[in-house]
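There are structures below to look over.
Consider the two complexes below, in which chain A is the common component and chain B and chain C are the respective partners.
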Partner chain A sequence: MSTPYLSLSAKSLMSVGLVVLTATAMGALPGPAASAGTISGTVTFTGTPPKMRPIDMAKEPSCAKQHPTPIMTESVVTGPGNAVQWAVVYIAAGAQPSSAPTTPVRYDQKGCEYLPHVATLEVGQPLEIYNDDQTSHNIHPLAKVNPEWNKSQPPGAPPIKASYSKPEFIAVKCNVHPWMHGYFAVLSTSHSATTGNDGKFSLEGLPPGKYTVTAWHERFGSQSQEVTVTEGKAATADFVFKALPY
Partner chain B sequence: MRMATPWAVFASSLGLFLVASGATPIAAQETQVGSLHGNPQAGKQDYRRYCVGCHGPDGDGNGENAQWIEPRPRDFTAAVFKCRSTPTGTLPTDEDLYHSVSRGFVTSNMPSWLPLTQQMRVDLVAYVKTFSSRWRTQGPGTPISVPPETPATAQSILHGRELFQKLECWKCHGPAGHGDGPSASTLTDSKDNPIRPYNFAMGSRFKCGTTNQDLYRIFMTGVDGTPMPSFSDNIQPNDAWDLVHFLRTLQPYPSPEATAWHAWLPQHASELKPIGPDQGEQ
Partner chain C sequence: MGRLFAVLTAVITVVSTAIFISRTWWLPADVSVLGVGIDRQMVETMVAAGVLFVLAQLALALFVWQYGDRGTPRPIKIFPGGATPMVVIATILVGAEILVLTLVGAKVWAGIFLTPPDPKALHIDVQAEQFAYYFRYAGSDGRFGAMHPELIDDGNGNFFGLDPANDTTARDDIISASLVVPVNQPVFLTLHSKDVGHAFYVPALRLQQDFVPGLVIPLHFTATQVVKQEIVCTQLCGLGHYNMRAYLEVMPRNQFGQWMQDQAALQ
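Let's turn to the complex of A and B:
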């Protein structure tokens, strides 16, 4: 099966190449997935991003000793080639509505750190928050659109179960350990991806059509693009955020 | 009076239409406290007279006095309330809001509004509920149950003291409850304003009431919008009463708890492990 390229810039050749491989593999499978396309790209920055600082956990020895080298703050994590990590890219409009998955999203507090830094879940999808530490945490998602709650979770306590009924990017903090900082990305779509250290993302299984693709980053904000997916072809959407030192 | 734009004329006539047709332009969920029914229209008049200076015409806590006030006046548009009988993340009951207005908030600029009639206070609750759409889409939470209090014995207090250590209350409230724990200086409320943990030794009453039942509710439901979390998922009712009894001994008041504790303490002081980071950390 040959998959012709639609439109691509030289810069994104490599990522599209990967997508073509994926699309080819998917095309080999029987069933309706054959016609589904993929939107992929890279999230990068221009300018000077703020410097991340090492976290001093001296006030919580049980956590400090888990990190022989201090971990860094994660508000802006960048990779080679000005790549932006922890950007959430998702289909903001154009996708068919789907019912929320019943598989819970797991969110861990481990070594006084949130893992993952950004957890993506769908509206209505169950969320389970674990305390893997030997210290009490209070988990305090600072929701504005959804209800704001704040629960204590001592060591060994069962997971806190929650879900959100409206899409929102919710900052999460622990008041006891003020360096702990993360996000819940509550989306109304199943098509989303979080960028890794290479800034790359791939949104798969998209039937042909017009889509609004949005990239969100906790410090850089949101950007959107209109992208058209044609049957069996790979589409590209690259995002460039302007970074300021502060 | 200037009313030049067509929009203003339209809005004005719309308002007249709504009044004429009997519809209320500030409809929210019904408000009922005991036998009293809240009227948001009447509440608006009283709000404009007594509350607007701090809480602002839009209920967002940005009244003209707000810039001088610490802690900041409540933002009713967020519909996040400190004093609730309901679980964290849920709306308070009408009674909760009524008691807040009546009692006021100690160590803040919010006075007690007992001089207003009961009906006025219920009307104010009804009007405050018009500032957030949350009141139209959600009901209040189900109040937590507060089981009968257990006896305030020395054993109960001692166990409460262990919980104070184990649940790490001291990290914010300090080993002696002075509000000076290791995390205290870093605390902010949900609007990023600095906030202090309660200092039990200061002798002020609690923000959300004075009784042991109030204290029980405060830590079980949490104080929403602040760093104080809910403990209802982690503490059994009997344990919660033990914690209440211990917390009372941190206050500089004569109380049954303080009496029981100070009768027991002289013979056993050497058995107590100090509260704080040396214990419990591994």
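Let's turn to the complex of A and C:
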């Protein structure tokens, strides 16, 4: 029963997509992509950031051997030009509400490390947590607004499925391996970006209007800016955090 | 049937004693100064208990063999004077034996747990937590930074709750996940627990000591050989207890100096 229905709806979706694509290409219809603007910028720091420490995994040989040189703690990762990595930049206000995507966000425990260090997901979006290691993990997201839980996951166990109903930045730890540390950035917007080693971000598909753009970093905290997107012009928002060595 | 039981008792006694005498499942070789005394005490206890064990079990086997019920009715004989004098004598003898062993062993015990560490001992702070150990060296200033439990932040490597922003003595503290010590150097440990009860057990050092949250427990040893040994938790401390371990690495003195320099550069 369900299969024909699914294939039918997929077909109709495809045909709608084709019509939109054709219409946009011909310039007949002003599709959403034509007027949507972009906010881009860079997240940097001033001052001296704290020194990251090497992680000693000697007690877990199966993980230690995956890292010929020890990995470093990741609470402040910087790049060239004082760039700040792992900052989450998102639209805090002004965007149209959208329904949560059904595509799950994948979060891995690999080599006794959380990958990625910061996972961004939307409120209601499914999250799948994998244990790729030969050892047991016990993932413990330290949620304060959402319900808190911790779950044990032996090697080879199926992924743990979860989702969050309220926006929150949730620190994640492993109850077995104290050094494991990551974050879930649960946002109520689909417009978000996580900075890479160059500190750059780009929020796309924003119709003209006024927006509050917020940059969040686990150590540096949050900063917000009001940004106006006008049709056909690229808006910029740069964030500078003050770093202290300790 | 009774005679079979007698034979089985004798066989079990001989085989299990042979396993002890041949040291089939014995402790790993001792690598510490104080372990010699522990080993001697252990052997004395084993010999004292072992001789009694063998005599008692063989006597049991003999009596079962000789006087077991064979289906022919015989009058039950009573030991002259009844059983009470025998029980009293046995209790006094065994009690005396335990008392003597305790008195003999008290010196060894005191040497480990009641004697202060060597004043020149290398002081290392130990933090036990679910489910790992961390070790802290004082760094170049020779002083430990104060511990602030509210500042403990495992994800950022602050396992001891140091406050380097305000406490300059904490800035050069060296944190390691392995207990690295120079050979033939007295070592003084102060044991802290962040959460629940844990234990520090290194069979080759003949040392086993519990961690108790809220207490700072002193412990000292001197390793006499260059070895790498496992430190394991022997107090059931939670889900990951089976996986709670660290390594003791005993290094030649110059190699240890190099290790300290390398670690200091990483802090």
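Basically, the second predicted complex is superposed on the first by the 216 of 246 C-alpha atoms of A that agree within 3 Å, B and C clash if a C-alpha of one lies under 4 Å from a C-alpha of the other, contacts with A are read in each partner's own complex, and residues count from 1 in each chain.
Here, contacts are C-beta pairs under 8 Å (C-beta built on N, C-alpha and C of every residue); 3 or more make two chains touch, one makes a residue touch a chain.
Keep in mind the model is a prediction, meaning the values are calculated, not measured.
Enquirer: Using the superposition on chain A, decide if chain B and chain C clash or fit.
Expert: These partners clash in the superposed model.
Enquirer: Classify the contacts of A:N138 with the two partner chains as first (chain B alone), second (chain C alone), both, or neither.
Expert: A:N138: touches chain B and chain C.
Enquirer: Taking the superposition on A as described, I'd like to know which of chain B and chain C A:A93 touches: first, second, both or neither.
Expert: A:A93 sits against neither chain B nor chain C.
Enquirer: Give one of first, second, both or neither to describe whether A:S152 is in contact with chain B, with chain C, with both, or with none.
Expert: both
Enquirer: Check whether A:K59 is in contact with chain B, with chain C, with both or with neither, and answer first, second, both or neither.
Expert: both
Enquirer: Using the touch definition from the top, say if A:T73 reaches chain B (first), chain C (second), both or neither.
Expert: After superposition on chain A, A:T73 lies in contact with chain C alone.
Enquirer: Does the superposition put A:H181 against chain B (first), chain C (second), both, or neither?
Expert: In the superposition, A:H181 contacts chain C only.
Enquirer: Between 133-141, 151-159, 187-195 or 241-249, work out which stretch of chain B sticks into chain C after superposition.
Expert: Residues of chain B that clash with chain C lie in 187-195.
Enquirer: Which chain A residues are contacted by chain C in one complex and by chain B in the other?
Expert: Touching chain B and chain C on chain A: residues 59, 135-136, 138, 152, 175-178.
Enquirer: State the interface residues of chain A toward chain C in the complex, per the touch definition above.
Expert: Touch residues, chain A against chain C: 50-51, 53-60, 73, 75, 135-136, 138, 152, 171, 173, 175-181, 244, 246.
Enquirer: Give every residue of chain B touching chain A within the complex, in rising order.
Expert: Checking each residue of chain B against chain A gives 78, 80, 87-90, 134, 138, 166-168, 171-172, 182-183, 186-187, 190, 222, 224-231, 233-234, 277, 281-282.
Enquirer: Can you tell me which positions in chain A touch chain B when the two form their complex?
Expert: Contact set of chain A toward chain B: 59, 61-62, 134-136, 138-140, 142, 144, 147-154, 157-158, 160, 175-178.
Enquirer: Using the touch definition from the top, list the residues of chain C that touch chain A in their complex.
Expert: Against chain A, the touching part of chain C is residues 129-133, 154-157, 159, 164-165, 171, 175-178, 238-240, 243-247, 266-267.
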